[in-house]
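By written order: A, B, C, D and E. Residues from 1 in each chain.
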Amino acid sequence: MNIVTKKPEVLVSVHEARLHYQVGGAFAAMRGKSTVVKAVDGVTFDIRRGESVGLLGESGCGKTSMGRLLLKLEDTTGGSIHFDGEELGEVRRHRLKKFRSRAQLIFQNPFDAINPRFTIRATLSEPLENAGIPRSEREDRIVKALELVRLPEPEQFLDRYPHQLSGGQLQRVVMARALILQPEFVVADEPVSMLDVSVRAGVLNVFRDVRDRLGLTAIYISHDLALVRYVCERTIVMYLGRIMEDGSTEDIVREPLHPYTKALVAAVPVPNPDQSHDPLPIGRGAPDPRNPPSGCVFRDRCPSAHARCASEVPEPRPVGSRLVACHLF
Amino acid sequence: MPEIAAPAIIKPRRPNILARMFRALRLPVNDPFAVAGLVIYFVFIVTAVFADQIATHDPTEILYTPSYDLAADLRPGQDGFLMGTTSLGRDIFSQLVYGSRSALLIGVTAAFMVALIGSIIGLIAGYFGRWVDAVLMRLADIAFGIPFLPFVIVLAAFLQPSIWNVVIAMALVLWRDTARVIRSQVLTLRTRGYVEAARVAGSSDFKIILRHIAPNILPLSFLYGSIAIGWAILTEASISFLGFGDPDSISWGYMLQDAFASQALAKQAYYWFVPPGICIILVVSAGFFVTRGYENILFPKLNR
Amino acid sequence: MTEPLLSVRNLRVSYQVGRSFVHAVDGASFDIPKGSITGLVGESGCGKTTVARALTRVIADNAAITGGEILFEGRNLAKLPEKEMNALRWRDIAFVPQSAMNSLDPVYTVEYQLGEVLRRRGGMGRKQARARSEELFEMVGIDANRLDDYPHQFSGGMRQRVAIALALALDPKLIIADEPVTALDVIVQRQILDQLKELQVRLGLSVILVTHDISVVAYICDRTVVMYAGKVAESGTMQAALTAPSHPYTMGLRNAFPDLQGAASGVLTPIEGAPPNLANPPAGCRFKPRCPFALDLCGSEPPVIDVAPGHPVLCHRARESAALRIEAAKTETWMARA
Amino acid sequence: MTNFKAVGSRLLQLALVLWAVVTILFLMFRLMPGNPMAAYIDPTFTLEQQQQLMAQFGLDKPLWQQYLIYLGNLLQGELGQSFRYREPVGERIWTLLPNTLVLTFSSLIIAYAFGILAGAYLAWRRGSFIEQAAIPAVLTTRAMPEFWLGMVLLAIFSFSLGWFPAGGTRAPGAEYSGFLDLYTSRDFLSHLILPAATLAIYSQGLPLLLMRSNMLDVMKEDFVTMARIKGLSNWTVVVRHAARNALLPVMTSFAIAVGYQLQGNVVVESVFSWPGLGRELVNAVAASDYPLAQGAFLMIALVVILMNLLADLLYAVLDPRVSHA
Amino acid sequence: GDPIRKITILSRPQAGQQAEFQSVQLIAQEWRKLGLDVEVKAMPWEQMSDVVWYKRNDWDSTAWQMVGRPERSDPDELVFNLFHSSTAENGYNFAGYLNKDYDATAEAQRGEIDPDKRKALVYKAQEILDKDQPYMMLVHPKSTFAFDKTVWKPESVVNQSGIGIRNTWTFLGIEPAGAKKDLIINSSDNIKAINPLYISGSVDSWITELVWDRLLRVGPDGLPKPWAAESFTWKDATTVDVKLKSGMKWHDGKPVTPEDVKFSFEAAVGGEAPMYKPFATNIDSIAINGDVVTFKLKKPAASFVTSSLAKVNLIPKHVWEPILKDLAAKPETAESYQEQMPIGSGPFKFVSWAKNESVTLAANKDHFNPPKVDRWILRIVPNAEAALGMLRSGEVNFMGEFTGDPQVLIDAAKKDGDLEVVSTVDMGFRYIAFNERRPPFNDPAFRRALSEAVDRQLIVKAAYRGFAVASNSIVSPALEFWHDKSVVDGFKAGHDVAAKTLKDAGYTLEGGKLHYPGDTKEALAAN
């Protein structure tokens, strides 16, 4: 960490970012179904250099969409995102190439993230080739990258095809590909959710280790608070495209403030037979991203919702060292 | 400094181009019917290529018997005509042999055009999306609104009657099916992790299409190509039957039309109208068999 | 101990793939007592679903039960004539599948699908079936006026509830739930598990809950069966198996799970390597290649050792488990292997 | 509102396709070589006559003017005058369309009824000898040129056995008061059988193969497995769950098939002297009768386009996943 | 001189025009033997006629045909319209034949009322054409028809010379042999219109001739006879008196009057019936005197009786007058007017018309010449195969058109036993027209050589399978009175004859290629 001191502290700055998808065809429209999904709807946060931030939330709350925005795999439909002071919307052509080598993605599904027709060598060569690294250097860097992710005896993997590797090994290759150009910023989108429990820990450990060694700034996307806690010091909780709570992970685990975070924390099962069986402080039902409620998007499931929640969208407010978007605070 | 033995790096085996192409095409060699189809194709291709050697006569030459009478309506074997002669005194066997040439010429070019145009449009529409997709798919809608056979008929009347009309019409209209399927395939491929990964790795669109997407749709193009072979041959036959065919080149469709126009049915000249029909059925169903073999490979879960 | 409701003895199930066989379940034995929830845990591909399906005898076309017994109330289901087996399905043994979306027929309303079971299998009339459907919906906490909806109109959690309602329809003695919550979000998962537990207690059901998540097992199960590579590694009460695991594999699994209530600085420890290929499993103990405690003798078929009454363990070193547990708690133990 | 916009865009798309087809047609026929006056060439054909004819059909005007007139007329449902018949094209098409539709639908209904049943049966008997033999046989029926099949049927059942008449829609001299009267007569039926059978034999392959592969797919679905775990009878599982689901795409393919069949009718109508739209199109093209050929083509295209739309709609109506979204 | 460029022959494709296509192939084969480079271009009729008719400078030679029609029993139409220089620009003389001597002969025969003198002139015309060979006459085909003799009495069938047994006289006189009284006849062509003011096609004319009466009809011998007219007399070279039969009635029951006759001829020139106009333009005035109608002509015209009086249909004034008035204001003519229920006075009444399928007429028992059949039914059967099948199955009992191989028909009849087949030499003919505007076809010797190169017997046998007679005259031997037999008999053909003709005219063979005589240059590029 803190390799270069001159650079500004904030690496990524998100301001009121929005990503609205147009969905549904003519037939959905004929039945009066809304055709816009607000995957990300006015999200603001900063990430400092070297920080690891967990992006937490239920399925469909917009975590992946947020990640894709940060990597310019999707263009914002509103608001702005600055990467190292540069607005992502303006990044084009050769600067995009440069950006691509600075910001990387670790994929959720390793079985899908590597072209089944490519050998591991070819897979890892691609970013090097694009970055204009001469052929002679490539082999060396590939081996180094594989060593970095703790694949023992990297050479034996180079000419294998993906189906000849186990899930844990593949996910390490995916990480190696993300790291091979020595990026500053990495988004990891549920990197272990497709892996078997027994090998998850190994991949997580590599991630933690590499991040610390290279001083990476990282976003870790997950719906599992226990995992986020394992890798990130800061957590952002999202619900239906909006930020509910943003603060240190330990604080959130110990004392969740937002009613949604409370439910989330209480719901996580622990491998301990003596855990409590108290009912969850949350209503039934699931969020419908196509028809979110007015005002606070969480109000229809919130046990402490009141009149104001229906009319007014709660803005994130500082509560202690945290930001909480709730009218209770 | 003492030398440290570098770890033995196993060089990747680079299979030769031909072998790689064959693997990319993934010929369905495990399905007995597909193999039968491939064999039929092979036989017809050989026949077409060596038509000059195999045919006993010029297929359009008006022949005379040794007694200088017109050699018309001879039965098979008579006067040394293997499968007899037509009412115009032309050798049926030679026509059949040369017919394979037209069939394969039409079939293969039509297949190539349809597969090529369809694939390129599908690739572009699917990959680039947005207005490019919108424009190309509207074009496809229009193509879907054009009734194919009537279109060929009009085109054949518009241009000089020629076997290429069928090919042109197919290229103009039938790319739509291929394009739609390829597009939807590309749409799913585009969201595949490794395509996204290539983008994140900084690969250009062109490179992504060429390296990651095209190889995956190649078998699909080939599938549509092989469907197009059958379509082309059947369409040519229909067009010839309706009298819009090419009078100068011998095709099986032409032979059938000739036979019907000359009342081979009433003459019970089975030796005349049955063989071309069978040839068409053989080649077209060979296409279907191969196609099915392909589908089994491409969509194994269907286990058709 | 009372007679178990279901007793699986040495069950073998194989899939034919081309010319070779995958022995997905290779001699599994365990008991399901009446009125309990039993968790069936294990890594992906270890044969959990295969066991669960084998109990209903509706298995894949290329699968066959090649040995063993499934004793259910004294009858061997593995040998029962198809007709009797069919009579027993759903009335005695019901099933909750992993993905309720795919297991509800998309073209019929939920009421039709409930009614189908109630009328065709339960012999009810139309009115009666409707009443019972409403009752069932109430039980699982869905508004009865949503009976006329189609499956896709429900959210994932509700669908899972519908699936549970379906399973309850004929008051079965045993419900087999194959990963009923895996695809769901934590909050919904918790709600469903609570519901299931509540119903199980209220109706005195026996439930087999298939899952790969020991947290879930820890949350609601009374007993657990741990599977590894087609075999039962260890089975026993929740407490016995989770707080004091006796098989190295179970110990490893415990280490690999993050615990929200544990210390923040805790380090997770993976079990390196991958489960064996079931088409060609290693001789002897199947966990041997990944086991930090493996000895030469592990190359031979491990014995089943009862470390406590009703707590069989499939391990050569089962008797040393107390000592091994201490070693297993250390990260280095597992890293050394890698 | 967005939903109006979406519906509007679907209709707009339809209009666009129609306009494009209409324009392509216009250009194709106008640029076609060959002179429509060719039909009148006769030793007594004079220059004056020629010019009068050209003026009558508006052929003396510049192309763009002809195009505008043509579009204008189309909007009013006017298809123009046939060169040969000197009759409004619309009238002629309306009298022929029912014949074509009756042939198309009857053959397709037979084909689908057979194809669906046989497809379901083959799926059920998967791997059996019957299935192994049937699939290539079905593929072969699709490889036969329709006219060839028609001629063979004609040769056997009409010329040799004399069971069915050789062509037309009615016995010579038979009089009927209207379409309905005609279509319900035995006479008509006996004329319909051979052409309908030809088309049906050719088209049964599509629903058959589709039904079969859908069935095989559906049989692998979880809900079918669940139905079996529920202890439901085999019949219930196969018919109520598997077949019902497999049927959906087959039904929507029907609409598309109507469009395809209509195009293919051209050939079969010629073989069986069936007084339909397809044969008229062929004759009109052969005789450079632009307005008529254009009209017939347009009518076929219209049906094809509408059937494409119908397929969408059918899918939306039949599949609760869409209809109850 | 230069080598002669590649020359082309236009032909229709084989489909439907087998014999023509085959002839052209044979001709090309023979011409090549003369050292010419010959290309056969097959194209559909519409395209071919477009080139030949509207692009008169663009082609070398073309296959063409002239079909037989009753009114062509008078040679005037062919003799004049085909070769007179006045029709070279945009009339039927598309070959561009120019010969003053011929023009004079053609005009003279037109004005000559005396049959024998006229015959001499027509003979002279035929001799000039033989000498100049503007056309390479090929054959007069034989038309082959058949009928079911168990249904129809063979002796009641009339064989009209140059036309065959499918003619109005047969339909009027044919007698049922048994209980079946419906005459069912086939045609491959669609019916375009049933309209007395529109010459829409040959099949259509079968119907118009039956539904509408004419003053005269061309008899089985090819000479005109009174029909609706009681009699007719030439008062002088430009005046004809026609006496109308009494007691005739329209199909709607109204009487046929001389007014109707006058109206019919006036309608033909009135502008609403462009196709009939040429047949009545020569009429100066029509006068009515009781039941006599007097036609005054502008110019003497020998063919007036055949090509006008026996051509123009008699139509009811009370039906057509309002229609024509209505049409006068519109761009359309009467040709696009289709009566719902056509009204004529002819021996058959219109009953029904199923488009593209059939037309049914019923016998008019009130007619002065009532037919013996009950109904006359025309079925559209587009292919010969089906037509033959229908004839054998009884779905058709009179084959009115057979486009297939006549031998097949004869064989089928032999096998069947119930069928009678009759072949008749047609008054129409097939030929190759040379484009006289383009060298080398402007040279009569060259044309003659090409014509001589092919032995017509080859065409008759190999292309027409014997169902044709060789021709060298536009007047068919079927028209015995007008046909100049010597022209045909005197024509010698064969490769050697042709080669000699060419050599005599100065053409040379160099390296197997034919060259122009002297130092003539090739003026046109091959196309």
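The rule is simple: a contact is a pair of C-beta atoms (placed from the backbone, for glycine too) under 8 Å apart; a residue touches a chain by one contact, two chains touch by 3 or more.
If you want to know which protein each chain is, UniProt gives these names: A, C = ABC transporter ATP-binding protein; B, D = ABC transporter permease.
Model, not experiment: these values are computed from the prediction.
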Maximum centroid distance from chain B (ABC transporter permease), chain identifier (CA atoms): C
Of D-E and C-D, whichever chain pair has more C-beta contact pairs: D-E
From chain A, the most remote chain by mean C-alpha position: E
Separation of mean Cα positions, chain D (ABC transporter permease) and chain C [Å, integer]: 55
Chain centre separation (chain C, chain E; CA means) in Å: 93
Centroid spacing, where centroids are CA-atom means, of chain B (ABC transporter permease) and chain D (ABC transporter permease) in whole angstrom: 24
Geometric centre distance via CA averages, chain C-chain B (ABC transporter permease), whole Å: 53
Shared interface positions of chain D (ABC transporter permease), touching two or more other chains: 33-34, 151, 154, 159, 270, 286, 288, 325
Chain E residues counted as touching two or more neighbouring chains: 44, 46, 383, 385, 389
Of all residues in chain D (ABC transporter permease), those that touch chain B (ABC transporter permease) in their complex: 13, 16-18, 20-21, 24, 28-29, 31-34, 135-136, 139-140, 142-148, 151-152, 154-155, 159, 209, 212-213, 216-217, 220, 259, 262-264, 266-267, 270, 278, 281-282, 285-286, 288, 293, 296-297, 300-301, 304-305, 308
Complex interface listing, chain A residues touching chain C: 58-59, 152, 166-168, 196-205, 223-227, 229-230, 250, 253, 263-273, 275, 277, 279-280, 282, 284-286, 288
Chain D (ABC transporter permease)-touching residues of chain B (ABC transporter permease), taken from the complex the two chains share: 33, 138, 141-142, 144-151, 153-155, 157-158, 230, 234, 237-238, 241-244, 253, 256, 260, 265-266, 273, 277, 280-282, 284-285, 287-289, 292, 301-304
Residues of chain C touching chain D (ABC transporter permease) in the complex: 56, 58, 86-91, 95, 97, 99, 102-107, 109, 116-117, 120-121, 149-150, 152-153, 166
Residues of chain C touching chain A in the complex: 43-44, 141, 155-158, 185-191, 193-194, 197, 212-216, 218-219, 238-239, 242-243, 252-262, 264, 267-275, 338
